[in-house]
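When the chains are written out, they are named A, B, C and D in that same order, and each has its own residue count from 1.
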């Protein structure tokens, strides 16, 4: 079933059956502008000095969390939540972090458990982890069966992950991806076995549960920035930089439009 | 048996809710204007009108959906309206049929003449649009496998023009699609019974009139039960609902008391 | 009591037993739930996706262009052997690529642009007084955006506005939590009602 | 080479879908719908078969090793019985398949969902301690909302629900807006990196 955000793309008013839908012109202009900025920072930054990103508390804890699992000789559990599929950018961001985490678990020889509700995510995660173990130099330590499809049903998935947490008692738990109501079920069970928990999601409602129940929470965009911070990969850092430039433009836009609206309340040019 | 702090919070909640349910005391509820509007709308429909009920929820939210749906169905059957059920989510399909059949028995309603359940169609937007063109083409047969044309109640029911309105029973954003496509494209009147968590999402649509009426959450169910004069699980749950809320507030306060006392003992941090 | 109520009641209690701790009864219920729910989604996907969208239209109505997704789907089976695993990357590439292509304009529009323009409004009411609500919203949006600024350490002015941003975030998290509690409680109340009235017949 | 082809396919579909978003031509709409509905669902359908087989494999391996024997057998039986029932009696209203769904799967799912109420309780006890200014604000806004939504809210003050509504509609909503704006930007750059091919983690490969 396509997710909600895709519906926006499937459905269109049939008012203007031309090749170009003029009502979407503002979006096109903004998209082209944004793309230009991203491409600029990507291909210019590399030749320039390395851009330094501010610290994000949850990310400094990643290495600590893996080290802890190794010391305690317990596994580490990473799960992307029930709400996403591979088409969703959040899942890709989560995969990025998984790749980084897997490289460290490979070198520490710490078992990495990855239960998921989506068979496609399972396939991709197996590739990501295999490659990470290969890169770390320990391809034989990879256990493909630890990356497993548990159930597509929301609460079947929650029950399965809960069972894994309470039986295998992971020392560290990463809840990174798109979560729905299962968020707190997993986070509280993880807390009950004394795991360090690092969570991050783009589901705004579930953020409140993670904030309350987890040790560290990556809020929305921080999840996307995280892979750049962890890997210090220039191309990801460049796109974080471009996001910042876009934010400055948005702030300027809001300020200008607000002043305009206060002077001339009848105008509506800022509405999309 | 070793119990930790969390176990005590669990026991507290279980005791609070079970006790509140066993007491059986039902706090008096005053129907809100929103609920009243829904009641008056259903009440004003002429006898025999066809009402389309869309079960747009997952099976797991049944505990909150059931009191809402049962109150609505009781009102519909008692007014001799004729509901036709559909489902936009596969998981809600069986649930919707079960609810319609269960309440129908209370009122001696006959399947096929007084109510019909068409079942599930995948691709919700396509389903809504296609029913706007032709309901029988979308559902050549009903949930039980009987041909549409052999169901006496549905003779002459071809598009949304032939139904008095659509009522979406939902736990998520599916009511949106009814508003956008059912109402937006075909102008059918859309109302909704939704879980408490969704009420704020649909408030703007209610205000703009795109949504005709809305009843939300267990509280809404209790209010509706009061209006139709038949007590149900909504009213029974109200005391438990309030008590559990107060219990959570109490836990937050106790948590802080414990924290500040231990901090004072520990001399700071 | 009918069989259905008995089965449902026993399974409900089995799942609740997890609250004490993991135990064989819960583990059995969990295994059953996982197995059955996978079986269910398999049947539903087979009927609603593979039969309804692929096999019926392809073989009965002769819609030959469906051979493309059919072939893509078959490539997924490449995963079963190391030497063919590369083929399985092609259907995944279709999913990820089309997802990304949709996400750029859809996310930009629905998430960023719509939210941005909804923030804008006149700072004064019609009678000329400052409109506190609008001012608070604009302040909240700007400060919270500054919290998400990654290029510089949060010091100085940026530090201050980012700190105010975290306060707004906390208000949001607090209200969301408070708001969701009611829905979560109703789910439990619903199960208790089932146990008390249908299963144990203590109330009616 | 082994990554070149998927990379090209990914980029091509990315560009195509991006372009289709801006067209309201019926042909473009149909193609858009074909990919986002049919392609996605059909590929998912086959991927599910792969996932189910791998689930069965993991369980069979455990059974061979004699680990968790009764549980693994129950899981596999559950998995098998649903398709078998569906093939024999179908999946219509009163079929055994629906009986199992209604009386086995649904009650268990609802109960796992209901566990959430308990976890809300334990998290409330533990997670709302006013350790710092932000934590105190979190606590205050949660208490305000909870009180205003309980029946006693009106008893405490007539204005409490109004204040709570204001907080939800203005300051709280503004933070949500900013979060959404950020997510939109993060999704945009991630998607763009995927399309132009500098984001290849999903291929198990290096970034460019």
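Following the convention adopted for this analysis, contacts are C-beta pairs under 8 Å (C-beta built on N, C-alpha and C of every residue); 3 or more make two chains touch, one makes a residue touch a chain.
These numbers come from a predicted model, not from an experiment.
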What are the two chains with the most C-beta pairs touching?
-> C-D
Starting from the Cα centroid of chain C, hunt down the chain whose centroid lies farthest away.
-> B
Taking each chain's centre as the mean of its CA atoms, chain C sits from chain D at a distance in Å of 3
Where chain B and chain D are represented by their mean Cα positions, the distance between them in whole Å = 22
Averaging C-alpha coordinates per chain, one finds the centres of chain A and chain B separated by a number of Å equal to 33
Multi-partner residues of chain D (at least 2 other chains) | 17-18, 20-22, 36-37, 40-41, 43-44, 47-48, 50, 52, 55, 101-102, 105-106, 108-110, 112-118, 120, 122, 124, 126-128, 138-139, 142-143, 146, 149, 168, 176, 179-183, 185, 187-188, 190-192, 194, 202-203
Shared-contact residues (touching 2 or more other chains) in chain A = 1, 6, 9-10, 24, 27-28, 31, 34-35, 85-87, 89, 92, 120, 123-124, 127, 150, 152-156, 159, 162, 188, 204, 207, 209, 211-212, 219-221, 225, 240, 243, 247, 250
Find every residue in chain C that makes contact with two or more other chains and list them.
-> 15, 18-19, 27, 29-30, 33-34, 37-38, 40-41, 44, 49, 53, 76, 79, 89, 92, 95-96, 98-100, 102-108, 110, 112-113, 116, 119, 138, 141, 145, 148, 169-170, 172-174, 176-177, 179-182, 185, 187-188, 190-191, 194
Per the touch rule above, chain C residues touching chain B in the complex are 19-20, 44, 48-49, 52-53, 179-183, 185-194, 196, 202-203
Contact residues on chain D for chain C in the complex?
-> 2-3, 5-7, 9-18, 20-22, 34-50, 52-53, 55, 70-72, 74-83, 86, 91, 97, 99-118, 120, 133-135, 137-146, 149, 164, 166-185, 187-188, 190-192, 194-195, 202-203
In their shared complex, at which residues does chain B touch chain A?
-> 4, 6, 58, 60, 122, 125, 173, 177, 180-181
Once bound in the complex, which stretches of chain A touch chain D?
-> 1-2, 6, 9-10, 12-21, 24, 27-28, 31, 34-35, 38-39, 42, 85-87, 89-90, 92-93, 95-96, 99, 118-120, 122-124, 127-128, 130-131, 145, 148-150, 152-156, 158-159, 162, 181, 184-185, 187-189, 191, 202, 204, 207, 209, 211-213, 219-221, 223-225, 231, 233, 235-236, 239-240, 242-243, 246-247, 250
Would you tell me which residues of chain A are touching chain B in their complex?
-> 1, 4, 7, 10-11, 154-155, 188, 192
